[in-house]
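Below you will find the structure I want to go over with you.
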Amino acid sequence: MKIDLDDVANAVLFFAVFIGIWQLVFVLGIWPKVSLPSPYAVAESFAEVILNYTLFTGIGITLGRLVIGFLISIALGTVIGLAMIKFKGFGKTMSSISAGLLSFPSIAWVPFSILLIGFNDAGILFVVIMSSIFSITISTYSSVRNIPPIYIDAARNMGAKGLSLFLHLTIPAATPSLIIGIRQGWSFAWHAIIGAEILMSIVGLGHILSVGREFQDMGLVIASMITIFTIGLLVDRLLLFKLEEKIRSRWGLSSDR
Amino acid sequence: SNSESLFSLNDTTTRADVVRIGYFPNINHAQAVIGLGNGDFQKALGNVKVETQIFNAGPSAIEALFANQIDVTYVGSNPAINGYIKSDGESLRIIAGAASGGAVFVVRNDAEINSVDDFSGKKFSSPQLGNTQDVALRAYLLKNGYKTTENGGNVEVIPVKNADILTLMLKKEIDGAWVPEPWGAKLVKEANSRIFLDERDLWPQGKFVTAHIIVSTEYLKNHPDVVKKLLAAHVDETQWINQNKEESFKVFNAELEKLTGKTIPEDELQEAFSRMEITYDPVKESLFKSASDAFDIGFLGDVRPDISGIYDLKLLNEVLEEKGLEQIP
Amino acid sequence: MLYAGDFQLTKLEAKNITKYFQHETHRIKALDGINLKVEDGEFVCIVGPSGCGKSTFLRIVSGLDTTEEGEVIFDGKPVNTTSPERILVFQEGALFPWLTVSDNVEFGLKIAGVPKDERREISSRYLDMMQLTKFANSYTYQLSTGMKQRVAIARALAMDPDVLLMDEPFAALDAQTRDLLLVEMQLIWERTKKTIIFVTHNVAEAVVLGTKVVVFSNRPSVVKKEIVIDYRRPRLVEDQNLAKFQQDVMKELRPEVKAGSKNQS
Amino acid sequence: MKIDLDDVANAVLFFAVFIGIWQLVFVLGIWPKVSLPSPYAVAESFAEVILNYTLFTGIGITLGRLVIGFLISIALGTVIGLAMIKFKGFGKTMSSISAGLLSFPSIAWVPFSILLIGFNDAGILFVVIMSSIFSITISTYSSVRNIPPIYIDAARNMGAKGLSLFLHLTIPAATPSLIIGIRQGWSFAWHAIIGAEILMSIVGLGHILSVGREFQDMGLVIASMITIFTIGLLVDRLLLFKLEEKIRSRWGLSSDR
Amino acid sequence: MLYAGDFQLTKLEAKNITKYFQHETHRIKALDGINLKVEDGEFVCIVGPSGCGKSTFLRIVSGLDTTEEGEVIFDGKPVNTTSPERILVFQEGALFPWLTVSDNVEFGLKIAGVPKDERREISSRYLDMMQLTKFANSYTYQLSTGMKQRVAIARALAMDPDVLLMDEPFAALDAQTRDLLLVEMQLIWERTKKTIIFVTHNVAEAVVLGTKVVVFSNRPSVVKKEIVIDYRRPRLVEDQNLAKFQQDVMKELRPEVKAGSKNQS
C-alpha cells in the first residue's frame, strides 16, 4: 500500500493538537479529573486492557460481528433496494417503511432480538443487521433512481437487461452516491453493535465501554472511545475514502477547480 | 430546568440557597420518591430551594455528581464504592442509608435446581456486571465451590438488563437470576419461578445495604447545615413509611405515576417490601463485605481498595441524637 | 420467417406513430402520425427542423420509448423493447463515465458475452478508424466533444447490428474528420449492407449518404416528403452533381422553419 | 395537501397485513405473551398513554428537541462540509475524523454531555447534534464534491461566487444527493435522542420506551416503537420523499423507463 | 482605463498559451504556445481539427482553466479568474437541470442582482429570438438537443457581456435555424460592437461571421494562420463571393487532419 506522507503528517498534526489541548484542559483543572482524566491516565487504561488482552479480543470480536452483520446488510439491503425499483408500488411503500424502521434506535431492537433469536451472537447480528439494513435499502433505492436515464437507455440499447444491466450499469453508475450510503450504513452498524453489546452485556468493545462506565473508570471509557474512533477513521481512510477518490478521479470529478 | 448551566461550565463553588438532589424512581429510594414528590423535603429545608434530578442508572448519577450537576443523590452501593475509589476517596461521602435487603435469587421451577449441588452447567443472570447483585451471585457461587465459565468453571453468569431477564427465563435460556425487588416478585408471578434464596439469609440480622445517600465532599464541607436538614427530613420520611406501610404504598405509587406514568401492582409491592426494609442505617459492615467480595472476584483492580473513609455519619448521628434515636456507631 | 411471403423485404416499418409530451403548462404533440417504410439494406437520412421529433422517432424505433398510437414493425414483428439488433447512436453520446474509452466501445460486446481478446481486437479496429487509438485508456471526461462523438460511433459500429440508428453523429466533428467518416460510413454500408437510419441537420451530408432523404415537417411532425437519391457511389461532398438533390431537399425544408417561427408568436 | 389514494391504500394494506400476522403469531402462542403482547394489549397501552397525556407530551417534547437539534446540525454540518471543500487539507483530514466521530454511539456522548453541559435540554441537544452533525458533514462534503464540474464552471462563468455560488448552484445541484444524506442524518438524530432520553432519564418518547422496559410493560414498549416508526414514516412521506419526488421530476429522473 | 495610452485598443491577447493534460498512460500537450490578438469589437472565428484544443483555449480565456505557460491579457490585465464580462457558451450547453428554461436564461442576471421584472423581460426577448417562448417553463430534459443549445445561446446573450466566447453554438441546429441565427448574430454584433470569439467546425459559418478566421493546427496546437475576411455585411451563407474565403481556410485546414491521422498510427 502506498503511504501518503501528507496524510500521515495531517493525522499526526491533528492528534498532537488534540492531545495538547486535552492536556491543557486537564492542567487548568476546568473539570474534575475523575470526569476528565489526563491523557496519561487514559494511556494507562490502554496499557491495562492491552496487557490483559481484553482490548484486542474485544476489537476482534466486535469487528468480526460488525463485518459479518454489515456484509449481510449490504447484500440483503441491495436486493431489497433493487426490488423496490423493480416493483414501483412496493418501492414507494417500502421506502417509507424503511424510513420508519431506520428511526428505531438499536435499543428498540434488543428486546425483539432476545425474544426471536436469543442471547447470543446471532442475536447481536440481528440487531446490527436491523439497524443498518434500512440505511442501505434507502440509499440503494435513491441512488439507483438518481442514475441519469440516458445511461440506462444506452445500456439497454446495447442489450443489457436483468442481471447484466445490474452488474454493468446500475452498480457502477450509482457508485458515487452508493458510497455515501454505505458510509452511513457502516456507522449505523457501529452504533448498533456498541449499543447491543452494552445492552446485552456481551463481550466486545461496547462491553468494555460499558464496564468503564459502570466502574466509573473514565480512563477506560475514553480509551474505548478512542479505539472506536480510530477504527472508524481507519476503515474510512483505507477503504471508503480511497474508493471514493478513485471513482471520483475516473468520473472526472476530482479536478481542483 | 437549569439550562443556565450551559455556559457556566462547572464552577466548583456551590450555592447555599439550593440543593440539587438525585434519585431513581425505585422502591429502594422510597423516601426520596415520596418526600421529594409530596414536598416534605422542601418543607423541611425551608428557604433552601430543592431541585431534583431523576436517574435510571448509577453511572449517570455518579457522573452528574462528579460534574457538579447535583450535590446529593440516592444511589446503589456499587456505584458509590466505584466512585469513591476512582476519585481517590476525594469526591463523595455516604451520609446515610436508604434501604436494606430486597434482593433474591430466583430459579425456574423446571430447571431442576433443588439445592446448591445442582448448579453445574447452569446459566444465571444478574442485572449488571459488577453491580450489587452480580457481586452477590458470584460470591455465592464461589462460596459454594463453583467457578464461572470465564474462570474455567461450569456455571455461566450472564449480566443482562432486568427487563430482558424475564424473557430469557420464559424462553428457558437461563435457569435463574439474582435480582433486586420488585423483579423477584415479578419473576415469581410471571416466569414460573420460585425464590431459591432470599439474600437476607446470608447477612447478619438479615441486613445488607442496597441504597444510600451520598453527597459531594465539597457540598458537605460548605453546607453542612443544609445537609443536616436534608438528613432530618430523610429520617422523618423513613419513620413515616415504616409506621404507615399501607398508606405509604399508595403515596409511593402515586408519586411513581407522576414520574413515570406507571405504578407497581399492589401485590408485587407488598411482596417486595416483605423482603426489604426502608432504613436510614447504612449497614456499614455489609458494604465493606460487599466491596471485599467484589475485589476477591476481581472487579476492583489489583490493590485491595481502602474504603474505610467512605462514611461521614456525623451529621446523621446529630440528627438521630436530636430526635432521640439510637445513633449509628 | 414471418415475412417469408412478404416480397418487399421491408426491414422496418413505422405505422402512424404519434407521440405527446407533457410540459409544465401544456402538452406538446411531437409526432403526428409518422409513416415510413425502410427496406432491408436501405440508408435512410432524416432531416427536419430542430425540435420536430427526429430523436424521439429514433428512440421509438430503438424500443426505448413507447407510442400512444401506431407501432413500429421490425422484421415483421412489432417492436416493444430494445434489442442489440437495433443500435442507437445517441445525439448526446451517452458514454459511460466510469469506463475507459475502449471499455465503452466494448460494453455491448461484453454484455453479449464476446471473449475478452476478441472484444479488444474489435474495439481497437474501430478506435483506429476513429483516430482515437491513443485515447483507448482515457476516461470520457478527458475527451473533447468531437472525440466523444467518435467514441459513440465506434461503440455502435462495434456491435455490428442489423439496423443502425444514428442521431446526428457527426454534428460535433470538424469538416475534415466528417468527410473522412462520410466515406467510411459508405464503405461500411456497402460492405455489410446494414439498414441505416441517419438523422442529420446537414443536408449535404444527408444527400451524400442516403439512398433516400426523408423530410420531417415542423412539430407536430409528419413525413413531408421522401426524396430518393439516385446517384452512384462512393459519393463525395464536393461532388457538384449532388447540389441538385440538396436543392430538392432544401425546397421542402425551408417552409418548415418558417412555420416554426410563426408557430412561436 | 393532495391525498394520494394509492398511497393510503398501500399503507392501509401494509398495516392490515402486519397486524394480521402479529395477531396470528400471538394466537399461536409461539412466544410468551409478556414478551409479545397482542395487538389489543398494545392498543390498550396506547389508550392509556394517550389518556394520561404522556404520549402527546412526550411526542411534542421529543420532536421539539429533535427538530431544533437537527436544524442546528444541518446548519453547522453544512458550514463545516463547505469549509472542508474550500480548504482541501482540512477537508481530507476532517472527512476521516467525521467518519471516526460518526462511529460513536450516542451513549458515548452522554458522559461528556453530562460533564460539559448537564442534565437538561441543552445536554440532550448536545447529544443529538454530535450524533447527527457528522453525518451531515460527510454527506455535504461528498455530495458537493460529486457535483458535475461543468455546472460549477457555468455558474462561475456567469459571475457566481462565494455565497451566490453556494445558494444558486451548490445547494440546488447537490440536492438530489443531499436528500439522501439528510434522511440518514435525521435517523441518526432519532437514535441519539431516544438514546439520550433513556440514558439521561429525561421526559420524552425515549423515556416512555425506557419506562416500558423498566416496568416490563411490553405493550408500552411496542406502543412507543410504533409511535417512533409512524413519526419517522410520516416525516419521510410528507417531507423528504415529497421533496425528492419533486426534484426528481424537475431533473427528468422520474420517468418510468 | 489602464489601456488609455494603448492606441491599439487590444481587447484580449493570448500570449504563448501552453496546456498539458495528464491521461492514464501519457501526457497530452493540447496547446503549444497559442498567440492571438483580438481587437475591441472584433469577431474572431476559430477553426481546427477535432480535439486540437479549441474548447480548452476558450476555457482558458474565460478564466475557468489555468495555463502552465503564457497568459491571457484582458483589458490590459492578466486573466486569473472568471468574470461576467467574458461569457462562455459551453459546447455541451451546461444548462442547469433544476431550473426552467427561463430561469436558466436569467441565472446570470439574478446573480448580478437584476430585478425580477427586468430579468423576465430580457429572458423573454431572447427566448423569442430563439423561438422558444413556448418552452419558457419547461425543464431542460424536456428539450431537444438543438433547443438546449439555443437556450445556452440565449443565456449568454442575456448577460450582455463585453466579450462573448462561443464554442460551436450552432452545431446541433438545423441548417435553416442556423441561417436565421447567423443573421441575428451579425445584427447583434453590429449593434453592440461586442468582441466575439467563435469556435466552429463549419467553415462556411466561420467565413460568414468572422472579421477574421483563425486556423488552429493539429494538436499540439499553434495558430497556423489568420485569414482576414474583408467583405461587406450582412453576409449570407448563400453568397457565392464567400466561397473564395472558404477555400482559403480549407487549404490551411486540410493538411491538419492528415497530420492528425498520421499522428495516430
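First chain written, first letter: the chains are A, B, C, D and E, and each begins at residue 1.
We adopt the following convention: a contact is a pair of C-beta atoms (placed from the backbone, for glycine too) under 8 Å apart; a residue touches a chain by one contact, two chains touch by 3 or more.
Keep in mind that this is a model prediction, so the values were computed, not measured.
Colleague: Over the chains that touch one another, what is the least number of steps taking chain B to chain E?
Modeller: 2
Colleague: May I ask which two chains are joined by the most contacting C-beta pairs?
Modeller: A-D
Colleague: Measuring between Cα centroids, which chain is at the maximum distance from chain E?
Modeller: B
Colleague: Rounded to the nearest whole Å, what is the centre-to-centre distance of chain D and chain E, using the mean of the C-alpha atoms as each centre?
Modeller: Centre separation, chain D to chain E: 48 Å.
Colleague: Just how far, in Å, is the C-alpha centre of chain D from the one of chain A?
Modeller: 16
Colleague: CA centre of chain B versus CA centre of chain D: separation in Å?
Modeller: Spacing between the chain centres: roughly 36 Å.
Colleague: Scan chain C for residues touching two or more other chains and write them down.
Modeller: As it turns out, chain C has residues touching two or more other chains at 64, 92, 139, 142.
Colleague: Would you mind listing the residues of chain B that make contact with two or more other chains?
Modeller: Residues 9-10, 59, 63, 66-67, 161, 163, 167, 171 of chain B touch two or more partner chains.
Colleague: If you look at chain A, which of its residues touch at least two other chains?
Modeller: Counting only residues that touch two or more other chains, chain A contributes 31, 35, 111, 115, 153, 210, 213, 218, 252, 257.
Colleague: Enumerate the contact residues on chain C facing chain A in the complex.
Modeller: 59, 62, 64, 82-84, 87-88, 90, 92, 94-99, 107-108, 110-112, 139-142, 155, 159
Colleague: Which bits of chain D are touching chain B when the two form their complex?
Modeller: Going by the criterion above, the answer is residues 32, 34-35, 49, 52, 54, 110-111, 114-122, 198-202, 208, 210-211, 213-217, 220.
Colleague: Could you list, by residue number, the parts of chain C that touch chain E in their complex?
Modeller: Where chain C meets chain E, its residues are 21, 23-26, 47-51, 53-55, 91-92, 100, 128, 131-135, 137-139, 142-147, 150, 168, 171-178, 180, 201-203, 250, 253-254, 256-257, 260-261, 263-265.
Colleague: In the complex of these two chains, what residues of chain A are touching chain D?
Modeller: Listed in rising order, the residues of chain A that touch chain D are 6-7, 10-11, 14, 31, 35-36, 88-89, 92-93, 95-97, 99-108, 111, 115-116, 135, 138-139, 142-143, 145-149, 152-153, 176-177, 179-181, 183-184, 187-188, 190-191, 194-195, 198, 206, 209-210, 213, 218, 221, 225, 228-233, 235-237, 240-241, 244, 248, 252-253, 255-257.
Colleague: Show me the residue ranges of chain A that touch chain C in the complex, using the header's touch definition.
Modeller: Where chain A meets chain C, its residues are 150-151, 153-160, 164, 168-169, 172-173, 175, 247, 250-252.
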